[in-house]
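Each in C-alpha cells, the structures are laid out below.
Note that subunit A is present in both complexes that follow, paired respectively with subunit B and with subunit C.
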Partner chain A sequence: MKIRYFDHVATNPLREEILEAMLPYLKEEFGNPLSPYELGTRARTAIEEAREKVASLIGAKPSAVIFTSSGAEANNFALRGIALARQNKGKHIIVSRVEHHSVLNSARFLEKSGFTVTFLPVDKHGMVEPDTLKKAITKETTLVSIIHASPEVGTIQPIKELSAIAKENDIIFHTDAVASAGNIPVDVNELGVDLLSLAAHQFYGPKGAAALYVRPGLRIVPLIYGGIQENGRRAGTENVPAIVGMGKAAQMAKAELPEKMKHVKKLRDKLIEGITKVENVYLTGHPTERLPGHASFCVEFIEGEAMLLMLAAKGIYAASGSACSSKALKASPVLLSMGIPASLAQGSIVFTLGSENSEEDIDYLLSEFPQIISRLREISPYAGGWGNTEEKGQCIPKK
Partner chain B sequence: MYSKEVMDHFMNPRNVGEIPDADGVGEEGNPTCGDVMKISIKVKDGKIIDAKFKTFGCGAAIAVSSMVTEMVKGKTIEEALSISKETVAEALGGLPAQKMHCSNLGADALRRAIEDYKSKQGIQTPKAAKTKKKKAKTVKKTRKGT
Partner chain C sequence: MPLKFVENVKADVTTDVVYMMCPMHLLKLEEMMKSLEPGQVLEILTDYDGALEDIPDWCDKTGNEFLGVEETEDIYKFYIKKKARQT
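Let's look at the complex of A and B:
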C-alpha cells in the first residue's frame, strides 16, 4: 500500500542529497575535529561549513550558532543557560502555556530550583497577546521564552512584537523555532530574538543535529561541561555526519523555501476546505497566521487515536493531541489552554504537509477521511450530540 | 503496538448499536481520559441473548467493547459477571500496559448493564456495585466541568 505521510511536524524523511553529503563522514572521513592532522582538520572544516549554512538560514553570524543533539537540548540549554547566567539580576522567567515540553519542563525544573515562573495564557487561537506579556514582567524577570510556531495547532506567534517588549525591559528573549525554521522565513534580526532553537529533521535533515543561536556577546552557562568543542559552550565530540547533514539541509531549505511554502500552502488550503465541509469539524489554531503546511482540527464525538489507526490502515499517517493517543493519557495542554473543552480535544487530528506531498495525496485523504469519521461516529454514543455533557458556546467557530 | 485480535475487533467491531428494548443498559466513564462506553443487553431465561455497544474512545476501547459484547452472548448473568478486565484483555491477545484501563471500562460497563437489569427485575444489588455507581457519578461530574 502507498504511504501518504502527513506528519512532517513529527519528523521528515532524510533527503537523498543530504544523505549523500553525510556518507563520507560516516565512512572514510571519520576524524575527530579536534585532531591536528589532516583527517581531523577536514572534519573541522566540514563542521564550520555546516555552521555557515545553518547561520545563513536564520540570518545569523556563524559564530553565534552552537550545535546540539536535538531541539529539546537547544531549548533546555537556552532556558537553564540564561536563567543561571543572569540569576544575580533576578530569578523570574516567563514562558507561554503552549510551549513544547522541553521548554515547559525546563521551566518547571527552574521553578523547583528556586526560580519563579509565569506561564502565559493564550487566546482561542493559541496566540500570546503582547499585553499579557507586558503585564507579566517584573523587576526580577530575566528571560522570556515563547515558541515561534506551534507544532500542534500551527499558530505563528507575533514574535517581533513580543521580543520588542522584552528588549524595552532589558530582558533576554528566546524562541523555539523548531517547527518553523526551514518551513517559513526565520531571521534572528528580523524577529529581534537573542536566542533561537532549530532542528535539522524538521527540514529534511537527519535526527541528532540541531542548534541554538545565541546572540554574540550574550553569556550563557553550558548544559554540558567537558572539552572546548563549540567554544567551550557545548562539550562532547561533534556528531560530524549529522552536523554536515544539517548544513546541507539548511542550504537546500533556504534555496527551496518560497517554492515549498507555495506548494504546501496550496495543498493545506484544499485540505482545510475539504475537511471542514464535514459537519462538526473545527479548524484549530489561527485561521491565517499559521504554518503553511499545517492543518489541525477537532472532530466532534470521536477520538483521535481511533482516527489515527483507521487512517493508518489506509496508508495515511497523521498525528493527534488526544488524551488516548498520548503515552501519559493526558489531553494536549496546548488545546486545553486555548479553551477547547476536554471532550472536543479528544477529537484532535493534525495533518502536516511536506514538499513530497501531492495534490493526489490530498484527494485521497479527502476521499477516505470523511468515511472514517462517519464510521467512528456510528460507534460513538454521542453521534447525535453531547447530550447533557454538551458545552455549547465553547467550541471554536468553524474557520 | 496492538495485537492482531485488537486490530480485527477495532477495524470490524461486532455488535455496534443499541438494543431498542434492552433489559439492561450500563454506561461507564473513564476517569483517566474521559471516554465513555455504553452497553445494552437483552436477557432471556437468565441468559444474555444479545449485547450491543456504543463507545467514545480509543482503538483499544472499541476493540474491548466489541470483545465484551461477543463474550457475554449466551452466558448466564452469573457467568457474565465473572468477565474481568484481565479476561477481556487476554481474549484480545493482550493490551499495552497503558491501555489496560480501557479494558476495565468494558468490564465495568457490562457490570452496570447487569446491575440495571437486576434492579429492573427487582433483584437486590450487591454492595460492591453500589460503590461503583457512586464512582461513575463523579466521573460524569468532571466531564461536565471540563
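Let's look at the complex of A and C:
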C-alpha cells in the first residue's frame, strides 16, 4: 500500500542530497572538531560552514548561532539561560498558553525555582493579542517567549508586533520557530527577536541537530556544562554529521522556500475545502494567518486516536493534537486555551504537507476521509451528541 | 602577590565572556590581545572565579601588564595592557 505522509510537523523524511552531505562525517571524516590535527580541523571547518548556512536561513550572523541537539533543548536553553542570566534584574517571565511543552515545562520549572510566570491567554484562533502582552508586563519582567507558528493549529503569531512591545520595555524576546523555520520566511531582524529556536528535521534535515539564535552581545547561562564547544556556551562533542546535514538542509530550504510554500498552500487550500464539507467538522487555528502546509480540524463525536488508526490502515499518516492516555481522555491544552470544549478537542486531527505531497495524495485523502468519519460515528457512543453538557466551542464553523 | 583592585580604568577594547565556560576567558584573552596595538588596554568581563588567578598568571607568562581587576555585583572586569613591541 502506498503511504501518504501528512505529518510533516512531526518530522520530515531526510532528503537524499542531505544524506549524501552527511555520509563522509559518519565514515572517514570522524574527527573531533576540537582536535588540532587535520582530521579535527576538517570537522571544525564543516561545522562552521554549516553554521553559516543556518545563519543565512534566518538572516543572522554565523557567530550568533549555537547548535543544540533538538528544538526542545534550544527552548530549554533560551528560557533557563536568559531567566538565570537576568535574575538580578527581575524574576518574572511571560509565555503564551499555546507554547510547545519544551517552553511550557521550562517555564513551570522556573516557577518552581522561585520565578513568577504569566501564561498569556489566546483568542479563538490561538493568537496572542499584543494588548494582552502589554498588560502582563511588570517591572520584574525579564523575558517573553511566544511561539512563532503553532504546530498544532498552524496559527502564525504577530511576532514583530509582540517583540516590539518587549523591546520598548527592555525585555528579552524569544520565539520558538521550530515549526516555522524552513517553512515560511524567518528573519531574526525582521521579527525583531533576541533569541530564536529552530530544528533541522522540520525542513528535511536529520534529527539530532537544531540551533538557538542568540543576539550578539546577549549573555546566556549554559544549560550543559563541560568543554568550550560552541564558544563555551554549549558543551559536548558536536554531532558533526547531523550539524552538516542541518547546514545542507538550511541551504536547500532557503533556495526552495518560495516554490515549496506555493505548492503546499495550493494543496492545503484544497484539503481544507474538502474536509470541511464533511458534517460537523471545523477548521482550527487562524483561517489565513497560518502555516501554508497546515490544515487542522476538530471532528465532532469521535476521538483523534481512532481517526489516526483508521487513516493509517488506508496508508494515510496524520497527527492528532489530543492524546488518549489509558481510560482518561486528555484534551490538548492548546485547543482548550482557544475555547474549544474538551469533548470537541478529543476529535482533533492535523494534516501537515510537504514538498513531496501531490494533488493525487489530497484526492485520495478526500475520498477516504468521509467514509472513515461515518464509520467511526456509527460506533461512537457520542454519535447522538455530547449530551449537552458543554457549550459549543469557538471553532470556525464550516462553510 | 596580592591581587590588584582598580576602578574606572579606561579600556580600548572590551570582550564579554560572562557565563562562557573555562578556559574561554584565556582563549578569548589570547585572541583579543593579538588584535590590539602595543600599549592598548583590553577589558575582559567574566563571572569565572578561576580568572582571578589565571589572568594575572597569563600576564606574568606573556609579559603583558596586568593593570588590575574591578569586582562588581555579579562579574569581574579585568584590565590588561599590551606589552610594547620587542626591539
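As a convention for this text, the second predicted complex is superposed on the first by the 383 of 399 C-alpha atoms of A that agree within 3 Å, B and C clash if a C-alpha of one lies under 4 Å from a C-alpha of the other, contacts with A are read in each partner's own complex, and residues count from 1 in each chain.
The rule is simple: a contact is a pair of C-beta atoms (placed from the backbone, for glycine too) under 8 Å apart; a residue touches a chain by one contact, two chains touch by 3 or more.
Here the structure is a predicted model, which means the values were calculated and not measured.
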Quiz item: Thinking of the overlay built on chain A, is A:N88 touched by subunit B (first), by subunit C (second), by both, or by neither?
Solution: second
Practice problem: Answer with first, second, both or neither: which of subunit B and subunit C does A:P222 touch in the superposed model? | Solution: second
Quiz item: Touching A:P341, do we find subunit B (first), subunit C (second), both, or neither?
Solution: first
Quiz item: Thinking of the overlay built on chain A, is A:A235 touched by subunit B (first), by subunit C (second), by both, or by neither?
Solution: second
Quiz item: Which holds for A:I3: it touches subunit B only (first), subunit C only (second), both, or neither?
Solution: neither
Quiz item: Regarding the shared-chain residue A:A306, is it in contact with subunit B (first), subunit C (second), both, or neither?
Solution: first
Quiz item: Of the partners subunit B and subunit C, which touch A:S380 in the superposed model: first, second, both, neither?
Solution: first
Quiz item: In their shared complex, at which residues does subunit A touch subunit B?
Solution: 301-303, 305-306, 309-310, 313, 322-325, 327, 329, 331, 341-343, 346, 378-382, 388-389, 391
Quiz prompt | Residue ranges of subunit B touching subunit A (in the complex, touch as defined) | solution = 2, 7, 10-11, 13, 16, 27, 32-38, 54-59, 61-62, 98, 101-102, 140, 143-144, 146
Quiz item: Which of the residues in subunit A end up touching subunit C in this complex?
Solution: 81, 85, 88, 217, 219-222, 225-228, 231-233, 235
Quiz item: What residues on subunit C touch subunit A, complex-wise?
Solution: 16-24, 27, 73-74
